Each structure stands twice: as structure tokens, then as C-alpha cells.
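Got a structure here, written out as C-alpha cells. Questions coming.
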Amino acid sequence: MKHRTPLREALMTFRRTPLLSGLSVASIGFSLFTIGLFGLVAINFQKALQDLAERVEVVAFVLRGTPTETISTASQDITAFPEVLDVSYVTEEQALGRARRELVEFREAYRDLAVNPLPASFEIRLKPEARDAESAQRVAERVRGFPFVEDVRYGRDWVERLDKLRNMAAVVGLVIGLAFAAVAIVIIGVTIRITVLQRAKEISIMRLVGATNRYIRGPFLLEGAIKGISGGLLAIAMCWATFTIFRTSTTAAGDALVFFGGLQMLLFLVFGTVIGLGGSVLSVGRQLRAV
Amino acid sequence: MKHRTPLREALMTFRRTPLLSGLSVASIGFSLFTIGLFGLVAINFQKALQDLAERVEVVAFVLRGTPTETISTASQDITAFPEVLDVSYVTEEQALGRARRELVEFREAYRDLAVNPLPASFEIRLKPEARDAESAQRVAERVRGFPFVEDVRYGRDWVERLDKLRNMAAVVGLVIGLAFAAVAIVIIGVTIRITVLQRAKEISIMRLVGATNRYIRGPFLLEGAIKGISGGLLAIAMCWATFTIFRTSTTAAGDALVFFGGLQMLLFLVFGTVIGLGGSVLSVGRQLRAV
Amino acid sequence: MIRFLHATKTYPNGASGLKDVSFQIPKGEFVFLTGHSGAGKSSILSLIYAEQRPTEGEVRVSGYQISKLGPNDIPRLRRQLGVVFQDFRLLEYHTVEENVAFALEVTGARKETIPNRVMRVLTQVGLASKARAYPKELSGGEQQRVAIARALVNDPHILVADEPTGNLDERATRGVFQLLREINAGGTVVVMATHNMELVRDTGYRTIELKGGRVVYDSGVDQAAGAES
Amino acid sequence: MIRFLHATKTYPNGASGLKDVSFQIPKGEFVFLTGHSGAGKSSILSLIYAEQRPTEGEVRVSGYQISKLGPNDIPRLRRQLGVVFQDFRLLEYHTVEENVAFALEVTGARKETIPNRVMRVLTQVGLASKARAYPKELSGGEQQRVAIARALVNDPHILVADEPTGNLDERATRGVFQLLREINAGGTVVVMATHNMELVRDTGYRTIELKGGRVVYDSGVDQAAGAES
């Protein structure tokens, strides 16, 4: 006969009632899967927003005939701004070439020009944390201060809209994410409560034979933690499967999609474990008081 | 003593094991709530896309000096196109006025003009079902055929991008929607199976006393259906609560949000009921075979 | 009515319940099953009401062959039986009267007659006052008497009683035994497993004694013949 | 050791279990509780092991007052007791040896000694061969003996046995009774509810008889004094 330890006792439960244990793990797993799915959508949406934000750019048009030395000093000055990631100078010729390449509709119009109507410009990319309307405006103002700068553009409308979209996405994500998490917690709690109810008779017998509450609780808590962590693993596996299927089925945008990182997955497991443990504490506690 | 009927027996279950029954209903309700939340996001996203699509418009610039009669005949002709919802004619003066009002940056430039550089135009709105790149192009081609039309624009890029977004949203919606539905079905199935396991002993006693499977199954099926429908109602209530809280907390975009229609809610209840019933059929069936 | 022919029962865990048991119980008989704890009495009874099936040999009960029962035959057979289980097996979420009525309802008895028949049989076992109680609100002996009432209520062709007086005092034991005799007088076969040797000795009914899963004594037949058949 | 003083137990559903029961059991005594089914025997025992609390009056067991037990007192009291429940109450997902060992583990017994003590007591009740079986793989009498083994294993100060021989044959009954006498000889108080009047008559131990929840006879005291105290 082997000695009774909480861990052995907890593991035995899975062998003694495989169906019930399996169902609990499935239920926990699928609840966490819900959160996982939502999380995947959220992080991919966030990434899409970041990709968009990379295009936040301040363009400063330079007066015709500004000397090259002024340009290169200014370029260094601008690069030193705290918000600025890098600066590239586009000459008049480069601008015309680009216009011919990119603006098909204007190709005809520009073909026979004697004089290049396009100005040279600085294209200023911002640091990731400075890609919002406020920073862009600040940079624009400062650049406008250079005497050789004719005009500054940074697509104010567009940047402001991006800002709004970001805030909106954050609020929606938070609210819906919390709602999903609440749903998962309730379902997991319910599942654990049901399995404890299932064993109410065993618990009451243990009490009648003289076991302390702590002694009874041990294996249940471990069991809850094991179920939680198993459910978490199951959920990650299902998320991965869904992700893979989805990515291969939508060839176009699929490659751009991202999965959770290691830390996020770990957090997921911890979340599952804590819920499994917490659910057990609460529901065993209730049962112990009831008997 | 009252006579035993399946309905009375099913209702008695809720009185006999209120906690377990309540937990099952909660579990079903929260699973359906997950789907409901996703559904809300989906229909609101769809609505946003529709709002965007309303702006799909074909603009035909009219040669200077086209006679008024020609204009009004053409206007009627275009309105008769199968894709077209309505047509409005914007005169040169109206165009200039609008430019002054809307394009703040150009206000200075246009202030002192002797000659109005802007052409008159037809603005053609499309029927809801024709708001895609193909239809817009078809209309544009036909309109281009009029001799007095100088140029036609319909923001090809933009319409095409909208098309892509729509397809993408449909695929994402379908895949994630199905995933959520699968999760809900599994959790609900698990819940019902657990409650049947809980009563495995009762079922086996009923069999030993000579009850037929059909006789035993009746109350369980009804119970499952009742749980399903209650869960559905609970889910709708929670969706409504979430929706209301969300709408009031995001004052800006909140008013534009929409809730489910009556038919959608009915569908939801039917879905809950069918799952409750189906889950019971399967899990009671298994139990009956096992004994 | 009941016929065991070389019936053997080995449980899934390898434990042996019965070994090569043969006997026959004709219509109208009252039979005691005796033997030490673990001798196989309950195993024989569970073969009769088809909770278990023989691993070898044949068991026939009122025309049905137990090892070949189809899914629809089982309820049909059981509705002809009344069973008092050693561990009672009452429906814990149903009241005493509902437990008894249930056994009557499944036979398709006319609804109007059910309450009267239920109260009559509860009165017979002295539990009329507990009709509305739930099983766990009853004493051990009271639960046992509910199980007896449930077995009697549908006037079964065969009554199977597993230690039906184990939790009863002497007076209640006599009362229950009297009920069994009455139902037997009405033509019902009664098979009763018991440890109450006083009862066995006093009444002189046929006795089958088991030991280690084998029939070692059968007062109803010549012992040699019993072993052969 | 045990003292009931005007103890009354009325169950939540209004049923009356005990009415104004007073008696006292000193160290080392062996007491039979008798009475008809439903008389209140199990109710008295459940007050002793604190599954129930008296609705009125006082119950003292080995220094603890039952109606005032704190949450930590309950396990402490129960570890001094051995209880054979009328309905056995075995852990269904644990083997026979685990069931018995559990009662020993909760007392904090030294791990190395547990297997030996468990096997010894299982041998005493004749179940050594079933140590690895689960309760539902046992016959009724075998389950009852597991319950007895579990009650004996931790050498309790007080042994409470509710109808411990209801499912046992005569030989097993004598064996179990012998065990109870031995443990009583070692100084343990034994309180045994039983319907086996033969046992009660033959041994001449103190007998408390209940009827309708009241003590109607107590061979241990002058009857008038018993009613007064």
C-alpha cells in the first residue's frame, strides 16, 4: 500500500473518475480557448494598427535653391529631435521620378514638362511611441521654423483618425476582453463547483471519519490546479490549431498574422492555474462549511 | 399525490437540486453570452461597413457649356440604370461654394478667382447591393459614354479596398463565429453530461424498477430544453446589459451601435433550446446504454 | 418460473460470484437463500433481475433467457418482478410515496388507482405517516420498508428480496415476513436471501444454501439430483 | 465519557427523533441500544459523533459539549471515536485498504505503521483477500465488515456501532461481536444499536431501550432515577 500524499491523491482522482475529470478539463480548456481566440484577434488588430502607424510621417517641403550644406545640417538637427526616428532627403529629381512611377494618372501630364514643378522635401519618420497626432504636430511646428522650409504636411486628418481608432480599439478590446474573461471565470467556477458537488458525499464521509478541513482540501486544490493548467495547455493547443488553419486558408493576409509570444502563453497558463485553484478553494470551502 | 408527467418531473428537478440546476443554466447562459458578444461585435462591424459603403459614389464631370435640357435628360437616363439609387447635379457655382466651405486650406487660393476653375458634375449614388468595385466600374463606363462627360471618378482604390475588407470580415467572422459556437456547444454538452452523471444512480435505479428508456428520457429531455431556453434568455439579458453599459460609456460612437433584432434573438433562443435538448439526448442516451 | 443451469458468474475484476449453479423454482414456491457473507446470494438474485448476466451457463426467468435479453425485454421482464435490494436503492430526490408510485407507473397502471394502491402498501409496512418524507429523512429500517413496499406494490409474479429484514426489529420482521407469505399465497414466487436462521428454521420453506458460490444444500430436491441436473 | 441530559432532537422537517433523553455512560462500559425501527437509536448515535446537534438539552462526549463544538473541535472529537454507520458510508472511489487506512491517517499515525495495522484489522474481520477491491465490488456483509474494520483501526476511546451485524450471518456476527468485546476489554466504551435480541439476552450487558424517541428502559440504572436525572 502506498502512502497517501495530496499529489498522489489528486492524480488518482483522474484515474478514478476519468470521464468527469476529462469533461472538467475540456470545459476549462474551451472557456480559456474563448479568451485565447479573442486575444488572437486583439493582438493581430493591434499589430495592424501598428503597421498603419508606421506610415505616420512628417513631410517638409524645401524652398527651391536651398544650399546642400544647409540641407545636411538641418537633416542632422531634425534627426536629433526626441520624437524623430530618421530623416531622409528627397531631391526634386527624386520626387519627379517617384511621381512618374507611382501616380499613373499624372504620367501623361508630367511627361513633357520643361520645368520640374515638384519641390524637394525632408521625409521625417517618427519613433514608435511618438506616432500620434500631438507629436506629429509638435515636430511639424518645429520644422516649420526652419527658414528654408516652404510648407509642412503630416496628414493631420489621417493621424487624428488613427488616434481615434486606437482609443476606440483599446476601449472595445478592454470591455469585450473583460467580458470574455468573466464568462470564462464563471464557467470554470461552475465546472469546479459541479465536480465538488459530485463528491459531496465523499467529503462528508471524510469529515465524519475525523479529517480536518485542511486535510480534505489539499488534494482538491491540487486537482483544481492540475485541471486549470491542463485546460490552459488545451486552450493554447486549440488556439494554435485555429491560427494555423486560418492562416493557411487565407493566403493573402495570412502571412502577416502573429501568434502569442512565450510570455503571453505563460500568462495564459498562470491564469488557468489560478482560476482552477481559486475555483477549488471557493467550492470546497462551501462544501466543508455545509457538512 | 399528483400524477407524474414529464413536465412536472422536469420542473421538480429544479426544485430538488436548485444549486446544480442553477449552475447548469449559468454555464449554458454564459457560453451563449460568448456567442452573443461576438455576434454583437459582428453586426456592428457589418453596420459600420454598410455606413462606409453608402459613400460609394460615381462622380461624372460635365463639359462646360452643356445645355440644361441635355443635363436633365441625362439625369433621367442615369437614374434608370439598374445599379443607380439616385443622381444629383452639382452646378459649377455649387461646386465652388462647397470647395470654399469644406477645403479650408484652399480657401485663400479660391477667394480671389475671376474664373471658376471647377466643373459641374453628376453625383451618382448606387443601390445598396451595387456598392462594390465591379458595379461602380460598370456605371462609370456607361456614364463615360455620354459625349458631354469630361471625366468620371469613383475612387477605384477606395472601393476596391472596401471590397477586400468586406470579404476579409466575412471570412474572419465566419471562422471565429464557428469557433465560438463550437466552444459554446462543447461547454453546454459538458455541463449537461455532468448533470446526467450526477444522476447516474437515479437513472440506474429507474431502469432496475422496470422503466423503459423512453420513459426515463422524457423528463431529462424537457429539463435540457428548459435549461437551454433559460440559458438563452440569460445570455440575451447579459448581452443587453453589456451593450447598454458599453453604449453609455462611449458617448462618441455609442449612438451608432445596434442591438439584435427580434428574429435574431428568437434564433438565439432556438439555438439554446436545440443545444440543451441535443445535449440531453446524447448524454442520457449514453447513460442508458451504460446501465 | 426460474431455472439456473450450470450458471457461473465471474466479475470483471476476477472475483468469483457463482460457480456452476443449477436449480429450478416452479410457480408458487417460497425459497430461502442462505449462506455466509459473500457466499453468492446477492449474485443469484442479481442474475434473476438481470442486473448481471451469467458468464457461463443459462438463467431463465419467466420465459426470458437472461443472457439473451434485448434492450426492450429488460423493462418487460423487470415489470413482472418486485425487487427488494440489499442496499435499498431508493430515488433520493423523490418522496416515499413517489418512490413507490414510480414502480407502479412504469407498469402502465391506471393513474387514478395509483394513489390508493400506494397508500395501501405503505400502510401495510407501517409507513403511511412518512409518505411525504424523503429517503434520507428516514431511519434505516424505515428505508428498508419503503424498498419492500415498492417491491410489493405492483403485485409481481416473482418477488426477489435480498436480506429484507436486516435493519428491522423482531416485530417488524414478523410483519414483513407475514406480508411475503400472503403475497406468496396469492401465487407469487418469493425468493428471499436471509441470515435470519430462526425464520428459516421456523417456517420449513425450501432452503438453498450457498457456500463459496456453489449450491451446497437444497432442501427442495434430492441432493444428488440437484448436483446432476 | 458520554452524558445525555434532557436531550431532544427535532429534525428540520418537523419529525421528532428524540424526546427528553437522559443517561450516562461511564468509562469502560458496553451498552446496547434497542428499540423498534424508528425509535431513535441512530439519532442518539449521530448526536454522539456530532453529525447532528441536539435541538434542546445537553450532550457531552469525552469532555466536549456537542452543541458548542467549534470547527476545530469536530475533527478532534471524531478522531477519538470509531463509528460503524448503519449505511456503511465507505469512500466509493477508494479501495478497501485505502478506506481503512484513511481513518488512521487522519489521526496522524506514523506512516510506516499504517499498512500493518490496516492488514491486521482486515484479517480480523476476514477481509484480507479483498484489500484491493472497491466497495461496490463487495457483498453487503463484506461492506459492513469494512465499515467495522475502519471503526476499529485507530483504537478509539469510544466505539459507536449502528446495527453492525444487520448484513452478517450468524458466524460472522459472533466474530464481530467477539471483536467488540475485546476492544471493550481494553477500556473502550462501546455503544451498539442492534435488533439482534439474541445477542442482547445472551450477554447481559447494559441495555437502553427506546420507544418513540424516549428511553423506556435502562438496565443500568434504577428506572425512576433514570427518568429523574
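The chains carry the letters A, B, C and D, assigned in the order they are written, with residues numbered from 1 in each.
Definition applied: a contact is a pair of C-beta atoms (placed from the backbone, for glycine too) under 8 Å apart; a residue touches a chain by one contact, two chains touch by 3 or more.
All values reported here derive from a predicted model rather than from experimental measurement.
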Where subunit B and subunit C overlap in contact partners, by chain label: none
Far-end chain from subunit A, centres as C-alpha averages: C
Distance from the mean Cα position of subunit D to that of subunit A, given in whole angstrom: 62
Computed distance of Cα centres, subunit B from subunit A, in Å: 25
Distance from the mean Cα position of subunit C to that of subunit A, given in whole angstrom: 67
Between subunit D and subunit C, distance of the C-alpha-averaged centres to the nearest whole Å: 29
Multi-chain contact residues (two or more partners), subunit C: none
Subunit B, residues touching no fewer than two other chains: none
Contact graph of the chains (line, ring, star, complete, other): ring
Chain pairs that touch, as defined at the top of this document: A-B, A-D, B-C, C-D
Subunit C to subunit D touching residues, read off their complex: 11, 13, 15, 34-38, 41-42, 86-87, 133, 137-142, 144-145, 162-163, 166-173, 195, 197
Subunit B-facing residues of subunit A, complex: 19-20, 23-24, 26-27, 30-31, 33-34, 37, 41, 168, 171-172, 175-176, 179-180, 183, 186-187, 190-191, 193-195, 197-198, 242, 245-246, 249-250, 253
Residues on subunit C engaged by subunit B in the complex (per definition of touch): 49, 51, 71-72, 74-75, 78-79, 81, 83, 85, 89-93, 97-98, 101-103, 105-107, 111, 114-115, 118, 131, 150
Subunit A to subunit D touching residues, read off their complex: 1, 3-4, 12-13, 16-17, 201-202, 205-213, 215
